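Here is the structure we will look at, set down as structure tokens.
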Amino acid sequence: MNSSRAFQRLRRLLRRPERAWGLALIVGLIVFVVIPVAYMALHSFMFDSLGPRYVRGAQPGDWTLFYWTRVLTGSLSRAIFWEPFSHSLIIAILMSAIAIPLGSLFAWLVVRTDIPLKGLFNSVLIIPYIVPSWTIGLAWLTVFKAERFGGQPGLFHSLFGVDPPAWVGYGLLPIVISLGAHYVPYSFILLRGALASVDARLEESAEILGAKRMEILRKITFPLVLPALGSAFVLTFGKGLGEFACQAFLGLPIRYYTLSTRVYSAFEHRQHGQGYVLTMILILMTTLTVLANQKLIGARKKFTTISGKGARHKPVKLGAWRIPATGLLLAFVLAFVVAPIGLIAWETFMRYEGQYSLSNFTLHYWVGRGDPMLADGQPGIFRSSFILGAIKNSVLLAGATALASGVIGILLGYAVVRARGTWLSRTIEFLSFTPYMIPGIAFGGIYLSIFARKWGPLPALYGTFALLAITCVAKYLPYSSSSGISAMHQIDPTLEEAAEIHGEGWLGRFRKVILPLAKGGFLSAFLLTFITTMRVLDLIVLLVTPQTRTMTSIIFRYQQQGYTQHAYGIMLLIVGITLAGHYLVRRLGGRIQF
Amino acid sequence: MKRGILAALAVLTLGLVLVAQELTPAQEAWLKAAQLGPYQPAQEDWDAIYQAAVQEGKVVLYSLSSRYPDMVEAFKAAFPGIEVEAYDMTGNEQIEKLTREQAAGIYNVDVLFLSNETTVTMELLPQHLVWNYVPDTLFGEDLEHFVATRDVIAEQFLIPLVHSFESKVVFYNFEAYPTCPLQSLWDLTLPEWKGRVQMKDPMLTEENMNFLQMVVMHADEMAAAYEAEFGQPLKLSPGIPNAGYEWIKRLIENDIVLTTSDGDAAKACGAPGQERPPVTCSVASSKLRYNDSKGTKLAICWDILPVTGLTKRNFLLIANQAPHPNAAKLLIRFMLGDSNGGAGFAPWNVPGGWSPRTDVTPKAATLDQVLTKTWLIDTNWVYEHGLEVQDFWLSQQ
Amino acid sequence: MPDIRIDNLTKRFGEVTAVNRLALDIAHGEFVTLLGPSGCGKTTTLRCLAGLEEPNEGELWFGDRCVFSDRKGVFISPGARGIGLVFQNYALWPHMTVFYNVAFGLRKKGLPKAEIRRRVTEILELLGLQGYEDRYPSELSGGQQQRVALARMIVTEPQILLFDEPLSNLDAKLRMTLRAELKHLHSQIGATTVYVTHDQVEALTLSTRIAVMNQGVLQQVGTPAEVYHHPENLFVAEFMGNPSANLIPATVTEEGPPPKVMLKPYPKMPIALQARATLPQGKEVIVNVRPEDVEIKAIPTSEAIPAVLTATLPTGSECVSYLKTKGEALEIVTKGPEEMHRPLRPGQEVWLVLKRGNVFDEETGKRLLSFGFADGGTN
């Protein structure tokens, strides 16, 4: 009786592939997410290797509240934590306040109005996200660098002969604008999907009841796309807290610190304990944001499921607004797509940087053989086997990560959506989002500690390409899972059951029904992780071995060594490769979705 | 299940806590086989070492400098049969990687080329995560001739073995200023230079924090320099314990510009055509080469009081239980160059870089000059008090 | 031997019991409809039959083959049950053409290509879909999609056909046409069919038998006429029929036969119920009369209840009228040929005669007797 019950339960579990697979995923998530986080949490209560230098007689590994009190209440807590914390919050809020309204407005214009050049805007408005966030930051400096900060002043100074005010060049404003522009595509992509799926009849019925256009937007459209806005907010806000490079470039010169630059410098100074504490706080904050979002709009989530039956929208006539609206979009594209990439490209052709004259033009940094007078004799990018090797590695790593993420995204989406409403589904969704909140450098370090050697059934992964890929796949789970979930939402379970009736086993159903239908989700996860992995740096810096250097790992080195043109050139290649990848995936019918 | 995870975590934790003063049998065996540490013979048989190195086949180098490719080519030409895997990593990354690798029982790297003086001397060496290795002889006028190491390198630079020195100095723009516009470090805190001093953020690099620490350690010299320049004793602000801290406080209040790299600071200072270029504080002297490669107008303020900055030592060390110890020995010996500099040292034999070897002629200023114009890092002092200075810096933000 | 035996079937979702100890035998060739309001467990029952859900308790037999038993630990997977299923939304695979949608099951069986093509073509022709082979589902109308789903189901010649509200997404006219097609198809194929719907007209028109369910419990199984005219309990009485049957509380005044009851809305005189059975004196009952079994008279007759007309709703062929009884106002609905109702005006006083109906125990809701039927109203 008992054994047959147990047998029945087991069989029921296995018959529901989303359950069985969900359990497998949970095990995976425990190994690759929970344990690293627990490791970090535990170590935030232990003295690190610097412990004995702070507290006499302390042994590394001893239990202590030292780091928590130091960060939260100690005399330095204001400098280490509270002030950077408030800066991070302000940045996250303000950049969300830029990115979300702007992205939503763009989405509305492109989806719902008679604005011209829709095809162009549709593909170009994604680019600020495809190029690394620091391209905008660096380009910003090229323009607004003040003479006050020495060196070649920016274009602004060259044109007007005066410095822009200091607060324009560095600190909160440029950080917020650069990051805001960088994350406009998040809201654009999310809202574009949501707006397109809102049933036009819902709006039309309000129109019939005499509602004005603004009123319809406010009372009908807005609540319907609220869940998408919520997701956009969580993604943008979370990024605002965690983003490092841009905040470092634009914040450090005026000593404007944020939580993420503090986390980075903690790890830089091998203050692991302090770094873990700050990271735990970062995780906590992002978790709270996610939970608050779920509480506020979680219940409405089902509203967004796409019925696909909605009547077609008739485009809103912009009338007199058509020209200014088009102008706004073009200006955005010009300022945050064309200009940054153009300026960076330009830099790579300058023999001496910052001198905007034709006589200064050179191809040396691309194809030169190496001149001891220039960049210490480093050969041009296409002649350096070192750089070419890095390009190969980067593309391989990004490709492998993207492929694995695409598949895992679909499986995650499958488990989460099919088991919707169960603890299993909620746990998987939450855990797969967690890596979003862990700084890359900490994530990489923990992975090195845990997975370098043989561990349980896992072989020693150290020095393998697999470890790099696993780390990237785990870190970017949030992207792959959200792509997979949104794709799976659109596949009705009966499509699979119809195949089951015909005797198709789970693998067959997955191959013949789910996978072809979830192609979009797969490609989206592929694209997102490809783009992100192409520009990953801090995550893998501790895991790479000499053969596995990547493009990004050499950019910052070159930047620091002063090989600016090389650094910018590689940066441009990254932009080029990601854009090419994006184009290819689009040709296959994929697009970014969250 | 839960208990299992906790237990696993506890094991991981203990693994990290390496208090390895006692040699393990494996270490003993490795040292003996590699003829390192206590087992290094007074006279080394370099032919045998080369033979063994060829057997090993390769050597893995972590390097804080990316200038190694030419050296690697020269090494491979000089010692055929040995591959070099060189990898660019900051000192912190090397240490982070090494400690985690060793804790996991993974032995991957052979030679570490890094600075991080305090961590190297106070942690890595005592904990036997790395081993110091001094070749008995170095190359003389060429690869066929040899000199005794102790004849050309002062004893103080042998433990740990110094590969090269690099200074972190005050630069000025010689196009705008015919001579150094500063008399002492205190000038950096004057209104004239408000917002015109550039330094890489010390929270991003240990060396610059080391410079601040040395300023505090040498508080007496700082006080004397003040009095020498202004003719009256320094008045400390309330709650500030000494002249070193006072200088740091005033430097920050004078709106110092922090950069993300030395290069940025050097370019800001040296860019041509400026009317009021900034000066730098604690920027790598090797940036002098920008004058050639980037057309900058950088010059070092050698003669300011009490010093122009810091001289840091770059070490060459063999990783504990390195898989290719003989090849590592060859590489270290090669990287120390020959009496003329040599292919092994050429990439670092630049203006602003110095060999510890007395028989190598530096490109600019002699080592003795440099050492009198700068401070060396007192790693003991940094280990004991350094974090106080770091905390002070943080508290002034 | 029945073709389908559902024995004591129970299916729970967490705390909720969706199907509760359901027992039902279905003979070969029958067309049985599971009917009930949404959430009554009918779809769950169907999914248990299909093997898409695994029940918690009970047994399922297809012929002499046990496809599920909790005690014996038997569970046959959906593909091995020899069934066909049409989903409410058709579940056509959007990435496959009509041909491949229909051919899926045949390909799965590994039939030779030519054979597959022959059978798919045949079926598509049967359903009037020739020429649509290479279209994708999104390029078809709702009715065509429905037919593709049917084709996909029957092409593998399953022994048992299962339908999950297959017509609910279609408009009224198309629904009518497809009902006729379905019935025709069933008579041609003769496969045992279980059909789930919440639409009683569909159930009444298509089925050989109807199983009415509510809150996971089977209420009544019977031919459409039995279920319609002799509901076992108040739920079935109320659920069947449109507009709903009149429910009039009453007290038994005479045991009979024929028993007499005093209607509460009109307690002036007892009414005799034309039945050979008896009712215990003093029992509180509910008298249930279908609208079409209430006759309207313009002048008072014996055993007629006075009422006032509030509204008439003519539909062309017939007319529904709403009335209020005098005294304790109770709404009564009548239905009849239009010409009978046409002369009536709202506000007009009329007299109602209850021709036939059922009497239920007010306490238990169980039917006590039927009255006014030709068979004399025995159970």
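Note that the chains are named A, B and C in the order they appear, and that numbering of residues resets to 1 at the start of each chain.
Here is the rule we go by: a contact is a pair of C-beta atoms (placed from the backbone, for glycine too) under 8 Å apart; a residue touches a chain by one contact, two chains touch by 3 or more.
All figures in this text were calculated on a predicted structure; none of them were measured in a lab.
A.B. asks: Is the way these chains touch best called a line, a ring, a star, complete, or other?
C.D. replies: Basically the chains just string along in a line.
A.B. asks: Would you identify the chain whose Cα-based centre sits farthest away from the centre of subunit C?
C.D. replies: B
A.B. asks: Take the average of all CA coordinates in subunit B, do the same for subunit C, and state the distance between these two points in whole angstrom.
C.D. replies: It comes to 87 Å between the two C-alpha centres.
A.B. asks: Please work out the Cα centroid separation of subunit A and subunit C, and write it as a whole number of Å.
C.D. replies: 54
A.B. asks: Starting from the mean Cα coordinates of subunit A and subunit B, work out the distance between those two points in Å.
C.D. replies: 35
A.B. asks: Using the touch definition from the top, list the residues of subunit A that touch subunit C in their complex.
C.D. replies: Result: residues 4, 7-8, 11-12, 15, 492, 494-495, 497-505, 513, 516-517 of subunit A touch subunit C.
A.B. asks: Spell out the part of subunit C that touches subunit A in their complex, as residue ranges.
C.D. replies: These residues of subunit C touch subunit A: 50-52, 54, 70-71, 73, 75, 77-80, 83-85, 87-89, 91-95, 104-105, 108-109, 152, 156.
A.B. asks: What part of subunit B is in contact with subunit A in the complex they form?
C.D. replies: Residue positions touching the partner: 5, 8-9, 12-14, 16-17, 19, 60, 66-67, 69-70, 85-89, 92-93, 95-97, 99-101, 103-106, 108, 119, 123, 195-196, 198, 201, 203-206, 209, 252, 257-271, 274, 276-278, 287, 289-290, 292-295, 347, 383-384, 386-387, 390-391, 394-397.
A.B. asks: Would you mind writing out the residues of subunit A in touch with subunit B in their complex?
C.D. replies: The touching residues are 30, 34-35, 38-39, 42-43, 46, 49-50, 53-54, 59-61, 75-76, 79-80, 83, 147-152, 248-249, 252-255, 257, 264-265, 267-270, 352-354, 372-377, 386, 445, 448-450, 452-453, 455-456, 460, 462-463, 541-542, 544-547, 549, 553-554, 557-562, 564.
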